[in-house]
Amino acid sequence: MGIRWDVISDYMPMFLQGAVMTLEITVIGVLFGTLIGLFAGIARLAYAKYGLGKYLVAIFFRWPALLYITFFRGTPLFVQILIVHFAIMPLLINPDGGWLIAGDLAREIKSEHGALVSGIIALSLNAGAYIAEIFRAGIQSIDIGQAEAARSLGMTYSKTMRFIIIPQAFRRMLPPLGNEAIMLLKDSSLVSVIGLAEMAFAAKSAFGATSRVWEPYITISIFYLVMTLGLSVLVSWLERRYGKGDIR
Amino acid sequence: MIYVKDLHKYFGKNEVLKGITCEIKEREVVCVIGPSGSGKSTFLRCLNALEEITSGEVIVDGFNIADRRTNINKVREEVGMVFQRFNLFPHMTVLENIMLAPMQVRKVSKDEAEKRARQLLAKVGLSEKADAYPNSLSGGQQQRVAIARALAMQPKIMLFDEPTSALDPEMVGEVLDVMKSLAAEGMTMVVVTHEMGFAREVGDRVIFMDQGIIMEEGSPEQIFTNAQNERTRAFLSKVL
Amino acid sequence: GCGGKTEPAGNNQAGGSTPAPQAKEYVVGTDAAYAPFESVNDKKEIVGFDIELLQAIADKGGFKVTFKNTPWDGIFETLKNGDRDILISAITITDKRKADMDFSEKYFEAQQLIALPQSSTVKSLDELKDKKIGVQTGTTGDEIVSEKFGKTNPNIVRFDTTPLALKELENGGLAAVVADNGVVNNYVKNNAPKNLKFIEDNKSFEKEYYGIAVKKGNKELLDKINAGFKKVKEDGTYDKLVEKYFGKK
Amino acid sequence: MGIRWDVISDYMPMFLQGAVMTLEITVIGVLFGTLIGLFAGIARLAYAKYGLGKYLVAIFFRWPALLYITFFRGTPLFVQILIVHFAIMPLLINPDGGWLIAGDLAREIKSEHGALVSGIIALSLNAGAYIAEIFRAGIQSIDIGQAEAARSLGMTYSKTMRFIIIPQAFRRMLPPLGNEAIMLLKDSSLVSVIGLAEMAFAAKSAFGATSRVWEPYITISIFYLVMTLGLSVLVSWLERRYGKGDIR
Amino acid sequence: MIYVKDLHKYFGKNEVLKGITCEIKEREVVCVIGPSGSGKSTFLRCLNALEEITSGEVIVDGFNIADRRTNINKVREEVGMVFQRFNLFPHMTVLENIMLAPMQVRKVSKDEAEKRARQLLAKVGLSEKADAYPNSLSGGQQQRVAIARALAMQPKIMLFDEPTSALDPEMVGEVLDVMKSLAAEGMTMVVVTHEMGFAREVGDRVIFMDQGIIMEEGSPEQIFTNAQNERTRAFLSKVL
């Protein structure tokens, strides 16, 4: 079978725009995911020593965080995207009676950016769950001796976290965060199911119109490879820069 | 200065300290010796509340540590601690390591903190390493920085937990020298150590612990040359 | 209502001769993976019979439309929750769907085809019992086959798009595909699959018609669409479009 | 909005059959993936000390393994599934002139189990790439002192690997292998795009026919959660059983 | 027994051994001392080819190690090695640790290997630990098992790389005792150590290394009481 170069060249603008969209949602997903993950990770570790506070912290922080993390790590992203787009978004943003946004603004958002908004929300929530665990592992990976040294100097818990633990944990987290970004880059291909025009969607369109498999899919595979390899070069640079070497 | 009465400490169901009673006076240097697992570190860590006390009384510099209302951070400001594994902050330079706590806890100004830090570095003989990162230092140098870091808080008491046992033999001396000069200046010190030479030379008193209790205590001569307890003698015969 | 008079150039609203409500742009959902009815061309534009037809209707009916690519999975949801005002996507009018939304006048007569391997001896849908049948999820083909063989029958293989199902048939992964003739014909036109043949089974498949869907109860919009469609039919635009996309019958 | 229980009950047989299929392809994928990963992992680490062998080993083992691992870790599984099913399988198994299997057998396989075969191949290849890296990390995590002790006793390289390194590495690999199985369980939802009737396919069918989102997707989410949680209990048991504790 | 001539060893561009020449005779016990990083371990590891030799000649029990045609595994069968960090195989019992190499390398029968292993365990005083796993033993016990494991191959030479420096002080004695009895039986031994007492009591010869060369060698009395070299004296003053 020959390669039909025309399929590739005809659809190249679409692939390129798709690639831009893929990068966009990946970057936004990583940013929001990091924010969500930070809060969820801290909530997951929250504890109180005495009395009633013990239960309140568990009910309002630890358990919800655990539930969130469990759900988003335990079900396929693909299912999460569909649930967010078709089940949750219509409740939140709806021209008649959306809980968050209603009326014309809701209309506007839904029709102009519906898939984008849902896609970003689903990807961010998914990434957030994984990043929460990265964050937790990062904090727990810091030698307990560091905290003890700081506490024995009279520093409070929060100052110890702020000056000693978090700065070190963050360096350790960079490489796994990078890996999560790579995962997210690939996973973003799934938002094509709700019609967001990223790379996989472009390939799907080309495939739908021409019934050719090799050309569009190999093309976007190469695109994905370039992007993931680029990211992993960045990650291993981070690893070298901030990895174990610097820490001990 | 330090007053301990019937101190018990459990880890889960494991009773590690089985009723320790002792007193440490101002300007006294007390060396704690004993076999591995006898509870030496745990005892030391109870003195600045790094371990929660199960029962008993520990009064340090007038603060009752077992009391939940005591502000533990205030106690710790007065009690410096040096660890076996140094525990320097690897993401900060030597100078920053020393300046951090005075600035954050004692609210000393930056200039003042830096001045004091440089003095301390000179004292431990590491002036030229002020801007180095801990990982680039040898073990002995790291431990000396750790001592300077603890001293920067101007503590009234210093606790040492086997400060030389993670060091190569040639570096032991330089750390012991710093500790000796500290003792000579009249610092109150509690030192867990396997360096019997140091205990004999510098210690005012030696405490031998085994299996969670103080088996014997006394002056270095008494313990090293004329121990009363069978276990003390057995232990000393192995390590001397 | 709008448009007593026929205005020559459709997409100019500035005339002011009618007390038309101010120009509102309706959002139209369409699953643009269903050539020739709707597909994305290499310039990323949505094109096809449905698209040109609705554009003409809008021009004549005095309203504005903008098309949004909307995957078939869940396309009806978008109407319900207000993401889209109109759907035109080769949607067959069925009683079941009528319960959920309102349809315009039928605008196209469609027929289900059975696509088979060249060597197959199958003559009717009944003979496909216990064979693997491919359909596009949620299409009329899916409904008919589900009705006949049971909706949880493991032999019904559902795909996101019809071309995907046909490709699978071509590769030998299926015994048959049931789908709308328009799409099947387009696939044949583009791919010339040598090893496929197509049969009709008028006993099993009733004639069916495509309609333009709006949210249940949106009579105002439905009237505009029907009025525009009437004009498009009368002035011959409709016939021209049919000829352009499907050739002469 | 009420819950339409009838949607769930009507499609329950499909959900259950889908769940069985999901488990099946996961188990098979993990098994084949482990085999592939073992070979790829060893090939990736292969080296020769002297002369020509150096280049031959690189060309025939290290580079192909690296290429394989890079491709399957660097592109979305979703794209891999489409490429395997629509581009590679028709070349390999084809009634007229398949490279591997042709004629009636090919027809039989394609029509009866085409999607299943492709799905398993794609999942196994994907898992294999990840497992190869797990395997490599497992071997490299073993303290170099172990190999030195064995070699200093006069044991050969292969005996050292067989008696000392691999048994220890394998214990360390069990937990990450378990995590890979969890990933695969979730990722298996993607083979629904080629029409394999697993859980996501069941939900899609129910969604397509009823236009209900919550009922089918929440149902399979619960199924997935139960399965992934079950697996992760197993994994943490393995971690406790074979984790660090036993090793040092 | 061992003959080393102008041994050089580079790690990358870093020359760690800068021309070592020495000879070790049968039944001789040679102690190697010197500061950290001076190349002691590297030297020892060159003797059984755990490190590739950059240049020079190393002949052990008649085998030329630098020659690529030499079957290194044959050499290693004759040279036992004991590491600082024990390196027992954690997934095998003590008995299995000792039996593995004789069975796999010397092709000794299982019964024979077990018999010999039990004899060796008795010799190092650990008969009752035969079926324990290494992690359940103390450091001193692990090191004694490691010695038994090396002896099970019936080597002609034993190399020790700081065998007691990872041990708690009370456990040092039990390991040194095993080594002393080995020396008394006439084993040829090369021992890198910081235990000057051992070197003085057991060593036939002491080699002082610094910066990749042998600075000074001689009998223990000579080195410890009358070192000629300035650096040797400086080093000894720190560690004695």
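Letters are used for the chains, namely A, B, C, D and E, taken in the order the chains are written, and counting of residues starts over at 1 for each.
Convention: a contact is a pair of C-beta atoms (placed from the backbone, for glycine too) under 8 Å apart; a residue touches a chain by one contact, two chains touch by 3 or more.
Model, not experiment: these values are computed from the prediction.
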(message) Quick check on the contact network: minimum steps from subunit C to subunit D?
(response) 1
(message) For subunit A and subunit E, which third chains touch each of them?
(response) B, D
(request) Would you kindly say which chain has the C-alpha centre located farthest from the C-alpha centre of subunit B? (result) C
(request) Measure off the straight-line distance from the CA centroid of subunit B to the CA centroid of subunit D, and report it in whole Å. (result) 53
(request) Take the average of all CA coordinates in subunit A, do the same for subunit C, and state the distance between these two points in whole angstrom. (result) 36
(request) Compute the distance, rounded to whole Å, between the mean C-alpha positions of subunit D and subunit E. (result) 46
(request) Take the average of all CA coordinates in subunit B, do the same for subunit C, and state the distance between these two points in whole angstrom. (result) 82
(request) Could you list the positions in subunit D whose residues touch two or more of the other chains? (result) 86, 207, 213
(message) Where in subunit E do residues touch at least two different other chains?
(response) none
(request) Mark out which residues of subunit C touch at least two other chains, giving numbers and ranges. (result) 73-74, 77, 160, 164, 167
(message) If I apply the definition of touch given earlier, which pairs of chains qualify?
(response) A-B, A-C, A-D, B-E, C-D, D-E
(request) Write out the stretch or stretches of subunit B touching subunit E in their complex. (result) 35-36, 168-170, 173, 194, 235, 238-239
(message) Show me the residue ranges of subunit B that touch subunit A in the complex, using the header's touch definition.
(response) 48, 50, 73-74, 76-77, 79-81, 83, 85, 87-91, 100-101, 104-105, 133, 135, 146, 149-150, 153
(message) Taking the touch rule as given, give the residues of subunit A at its contact with subunit D in the complex, in rising order.
(response) 70-71, 73-79, 82-83, 86-87, 186-187, 189-190, 200, 203, 207, 213-214, 217-218, 220-221, 224-225, 228-229, 232
(request) Can you check the complex and tell me which residues of subunit C touch subunit D? (result) 73-74, 76-77, 100, 132, 134, 137-138, 142-143, 146, 151-152, 154, 156-160, 164-165, 167-168, 171-175
(request) Mind listing the subunit D positions that touch subunit C in their complex? (result) 10-11, 13-14, 17, 86, 89-90, 94-95, 106-107, 110-112, 114-115, 193-195, 197, 201-202, 204-205, 207-209, 211, 213
